[in-house]
Amino acid sequence: MSLNNLMLNVEGLIKEFGNFRALDGADISVKEGKILGLAGPNGSGKTTFINVVSGVYKPNGGKIFFNGKSIYKLEPHKIVHLGLNRTFQVPKPLSGLTVEQNVKVAAVYGSKEGNTKDKINSALSSVELDNVKHKEASSLTSAQQKLLGLARALATNPKMLLIDEIAAGLNQHELKRIADMLIKLNKFGITMIVVEHLMSFLDILTDDVVVMNAGVNLFRGSIKEASMNEKVVEVFLGR
Amino acid sequence: MFEYTVLAGIMYGLYFGLVGIGLNLIFGVMRMINLAHGDFIMLGAFLAYWLFHLFGINPLFVIAISCVVFLFLGIAFYYIFVPRLLKSKDPEMLSFILFFGLSQVIEAIIILSFGNNQRSIPSNTFGHSTFSIFGNRFPISWLIVTIVAIVVFIAVYWYFYHTKLGYATRAIMASRDESLVSGINVNRVSAFAFGIGLILASIAGIFSFFMMGAAYPSMGTNLTVISFAIIVLGSLGNPMGTIIGGLIYGLAIMFMQTYLSSWSNLLPYLLLIAVMLFKPEGLIGKTVRSA
Amino acid sequence: MQELLEISNLEAGYGLIKVLWGANLAVKQNECVVLLGVNGAGKTTLLKTVVGLLKVWKGKVTFDSNDITYLRPDIRIANGIAYMSELAIFPNLTVEENLKLGGYFKGDKENKKRMEKLYQYFPDLKEYKHKMGGSLSGGQRKMLGVAKTLMSNPKLVIMDEPSSGLSPKFVKRVIEVLNMFHEEEKVAMLIAEQNISFLDFAEKTYILDGGKIIFEGSVSELKSNNIIREAYFGITH
Amino acid sequence: MLKKRIGSFGIILIIALIFIFLPFVYNNQSFLFNMMLYIALAEGLNIIYGFTGYLPFGYVGFFGAGAYSASLAILFLHFPPLLSIFIGGMGALLVGVVLMPLLKLSGAYFAIANLAASQALYYIVANPNLESITHGPYGISLASVYNPHASYYTMLAVLVLSMIIVLFIRTSNFGLSLLAIKEDRITASLAGVNVAKARAIAWGLSAFIAGLSGASFAWYVSVFYPGTVFSLNISVIVIVFALFGGIGTIAGPLVGSLILYSFYNFIGISTPQYFQLLYGILIIVLVLFLPDGITSILQKRKIYVP
Amino acid sequence: GKNIPSVIKIGTLYASTGPFAKASESQFKGLKFWVHNVNSKGGVFVKAFKKKIPIKLIAYNDQSSTATAAAMYNQLITQDHANILVADFGSVLTSVAVPLAKEHRRLLFDVTGTGAKFFTPDNPYVVLTSLPTSGRWPYTLADFIIKHKINKIAIIYSSNDFDQSQAITLHNKLRKAGINIVYYNAVPSSTSNYAVLLHSIKAKNPNAVIEFGYPNNDIAFLQNLGSSGLKFNMVFTVFPGQLFKLLKSNVGEQGLAYTYTYPTPPLLRYNKVNLGVGIDEFEHAFKAYSGQSPNFLNVAGYNVGLIIKKTLETANRYNQLSFRKAISKFSGKVFTLNGLFMVNKKGAQIGEMLPIAQFVMKNSKLKMNIVYPEKMQTANAVYPAP
């Protein structure tokens, strides 16, 4: 595996909250154009991983390379400008603004390329929110707010997305729809890490998963292998 | 001199903890900034003044009366203002303006009815004697104020951590909506807490004469500002933290007066800014995650 | 058996927007009901209206043969309803304090006993009992929410998506725990869920769509309905 | 967008014309001056509060800093008044830069820290130990350059500038990014907004306007004390004016100041004893029944308020 | 054309709220009383018109705010065309009127605004009527201390214009006389607790403690002194002599006993006057008019009225500069219930010297003795205080 086509390469990442280590030396890498599934028991550090890589929290150690460039301790907006963006597990919309304005901010400030109007429209249509674009973001359901988060991320012309439990709380049918949506985005060349608990959902997207536990990666391989791995079953899937 | 300054600072500080604690309680429970806090202190002072001069009632007994008066006042104000305010987009900031209006009204009413004179209760109300700690002599009234402050703090602590009502109050501080669905009668508990906040302010007012010379109708604003400094020094939204804020304030003032008197009014504010920048959650606060 | 909760022709919404358009639903004593519905169907709105967080515009809610349509939330809770919202916790209180508030109407001793019992199922909570609720991970919060709701022993438990964000192991755990309380304490349950594992334990299901109930029936009836299977489970045959 | 900008320009033009010509028919210039002053301050406060949600309880700190920087430039450096007014703006800007770390705080914390900062500044300026620099508590006299007419029109220029800045923010993407920061800082930064820079710009502009206003005020009254230009009342009054009209628009603070300041004067004159009472009641009633300001009546009807 | 006005319009401001309200209202009441008096006699005699003309008082409420005051002074000058402009109480509210009056060439009758910088040689449009400029206040106090050879002096003052200029004057005069100043410190005007300060002062063992402050400061200072159990041979504060009732009700007679102050009318009883009534008669009439016995600021407000009256009686022409000229003409020749009226070229008051008084206990009642200067003395100072 040559380093060149690693889109994201994280080594030995450490994050402490007080004297508690939420990340304890996690190593995770993704090749350009791929989708990596990220799973693990609750509290294993998946969201923290995203928070640190996207610059929302400052790490306490380790290395983070994006496209060969270190983004360690870089400010979030700079990371966004390099082409890496994320969504939130608990949605964080710009509540007082309309759906369209939410996306507009990202389209204007996220990247210089492209026409703002086009970026807004294509981001909204990719997540199928164009019919509610004049609604206030606070009046959307939480699932819609997560999609809005994805739309904002898309409007910044990302090369890579970190997606945090975007499908939680959806029914099978809706899951399928979201999965198809992500696959389509991936086809357009967006590399992804997708955090999700439902293996059936990850299964549609990729065969490459990392399972984290207690702030480190426990397993990497295919979903099938994961479901047969003793430790993964023990801490994550349950018997 | 050093020893004297420390002791005076502690006593003065405990009193100022009392000055700030009601403001912090109301902020903690309702996320409302009671900009009229100082005016309620003033009302407490005027109540004590009138009861003393008309009926010769000792300030210590006024505490009991003010508990009743201000509890009712607090409950009434709560039901008039707060539920409506909470429906708006930014209750915290709007409360700021609303209570500014209230402070204007209170001040105006007091001036219209009693004039703008300074008033005080003679400092020898509790006797002429002084008392001494480690050979340092202090007015007896300071001892009484200190005891009152400590008793009040214990009572507040008891209320918060050993009564069901206090427990519910803390829950509302944490989340109003979750409290509703935990079976807490949020309005009633908050109204009561509002009343307690005002009672605490009024008690500080009753003893203002002995710590601050005189009381006058327009003294409120300044007291509100000082109270803010104190509660943030401790921890905003954590009433017990106010004691620490008060002590820091008291000691700081006394030390500055002793060693650098002309700068003494600057220090609390610099202290406040420093705390905010380096430990914005206050000296004993905790934070929750943002993402 | 007698109806414990009965909702008839319920209309409610936000501001000028009507979300529920005359929903009907009933839960019997000691019955387990799962409420399904696509995203945005109004499940959360329905549950909030039942506990009193939203005003009823029209219609009637009865609980334990009392009309509770216009009662305050805290009185409804005191009458024996326990509710877990989607966000579910007090962020500025510790895990243990959160749990205690779940048992607001109980004595300290009883709370302690129940807490220990719940800690057995959710060891994470025990480990973090002095941590602030707001610093927990998404899934840990859900566990806390579930445990908190079970702290009181209510007649009816209402939960809004208890499993979303939980790892598979803990989804199983939650179902196990709910089952246990259901059996041991005869608690009735009304659960809005999307996770099909919950169906195995439901005695009745409803589907909410566009603010109206469009299906009511047993799990087997549900599963045998082709249209629903397609719309909800994405299974096409 | 263009239409909205032109419409808003119209308002600014009208306001400017009114204040240019009004002194010829109505010669209580001080009243007009104060009116302009409060509008400019309310607009300046609007920049930071209306668009980013930071409530500068200590806004008067910039005002005082401006008044003092300008005065010291006149007294010590013998700069001409207009240049000194600019120095006043820069002085306030400098204070703004020093206080920049406060922007890390949020909500009530920020408001209170800012209040503390303004009080600290006041006590520094008023301290007798600094008498040789600030004249300490003795106050400043600018009798040598006293010129009510020139300072009146300078204030008008500051007013117009403040409204143009708000106009720009209101109709630009920059303004949208500020609103995004107001809603959620983290989300805004992940939309690519340089949060620190954007709010620093807003903060700086807001401070600059207050500084220019303070400087113009100093020139206009020409004798003042530290307590005059650092009075907490100025902050509170300006906040109330801005909120009364409605923040986040140009028209809101303008209308709020026009109505309330007139009220303050005319009602204040005819029923002085009851004025404070009426004023307080008015504020309470407003917050309870019209919390988004009077311009929100129009906004609720979907009418665009510039 | 010489058209004679039907009324003389006197414009003034007062504050009904805010920090200056109490003082301002008193001063205003004194002025109103004077207006009431002259109008009941058909007005004042205006020499320029050789005719008695009634007074019309136009007054606005500035609520202690300088910004409002500026607008109101302007209103008085430009809208109401007040013929005579009288400033509100104190330096702060007077400060904004000084440049305005100069700009509009209107003579400002400054009643109690004692700030030295109001009075400049290039400005003929201001005259201070009822108090000397604050820098002159401690002249007699300094003499008293020097004369009695009191050494080791502590001076504590509030950091504001009014108090600091007194402190500086006293400090300089005592230094020059070779008197040792053991403590010299400013405290913020907002200081309300002097307990620790008093102990710091005591540590220096001074014979006299001079406290210059606003009324609030004096009250807190005296109260803390009373309850601290500390004793000094001499204690001086500013306001018991001006706001006697206020201070007495707040610190009690015990608290005032044997302390020193500047006495002002009505504590000072000037009955031999050549303008207006003496203090006895004034006190009587004022009580009948308002139901209250007068305080110093009532006298000050009344006194400005007397000066206005004299001005109109003296000025040959009815314009502002003639008014100023008239004042210079009778300056030093007029003695009112407020003492000798004398202004210098800049308009600053230099006539009314403030004597030194001491409160003593006599038959367990508080009594005030004038102890200096000798020509006014009613008793010897009790020094050291018992």
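In order of appearance the chains are A, B, C, D and E, and numbering begins at 1 in each one.
Following the convention adopted for this analysis, a residue touches a chain if its C-beta (ideal position, glycine included) is under 8 Å from a C-beta of that chain, and two chains touch if they have at least 3 such contacts.
Computed from a prediction, not measured in an experiment: that's the story for all the values here.
Each step here moves to a touching chain, and the least such steps from chain B to chain D number 1. Looking at chain D and chain E, the chains in contact with each of them are B.
Put simply, the chain farthest from chain D by mean CA position is C. When each chain is reduced to the average of its Cα atoms, E sits farthest from chain A.
Contact tally for B-C versus B-E: the pair with more C-beta pairs in contact is B-E.
With centres defined as mean CA coordinates, chain E is found 76 Å away from chain C. For the pair chain B and chain E, the distance between C-alpha centroids works out to 37 Å.
Chain A and chain C have CA centres that are 29 Å apart.
Contact with two or more other chains is made by residues 16-17, 159, 186, 188 of chain E. Each of residues 135 in chain C touches at least two other chains. Across the assembly, chain B contributes residues 89, 107-108, 111, 262, 265, 290-291 that each touch 2 or more other chains. Within the complex, the chain C residues that touch chain B are 51-53, 72-75, 77-78, 83, 85, 87-93, 97, 100-102, 104-105, 132-135, 152.
Residue ranges of chain C in contact with chain A, taken from their complex: 14, 17, 36, 38-40, 44, 86, 124, 135-140, 142-143, 161, 164-173, 194, 196, 230-235. Touching chain B in their complex are the following residues of chain D: 53, 55, 57, 101-102, 104-105, 107-109, 111-113, 115-117, 119-120, 123-124, 127-129, 186, 232, 236, 239-240, 243, 273-277, 279-284, 286-288, 291-292. Taken in their complex, chain B has these residues touching chain D: 27, 33, 81, 84-85, 88-90, 92-94, 96-98, 100-109, 111-112, 221, 225, 228-229, 232, 236, 262-263, 265-266, 268-270, 272-273, 276-277, 280, 290-291.
Per the touch definition, chain B reaches chain E in the complex via residues 1, 4-5, 8-9, 12, 107-108, 111, 115-120, 122-124, 130, 137-142, 210-214, 216, 218, 222, 253-254, 257-258, 261-262, 264-265.
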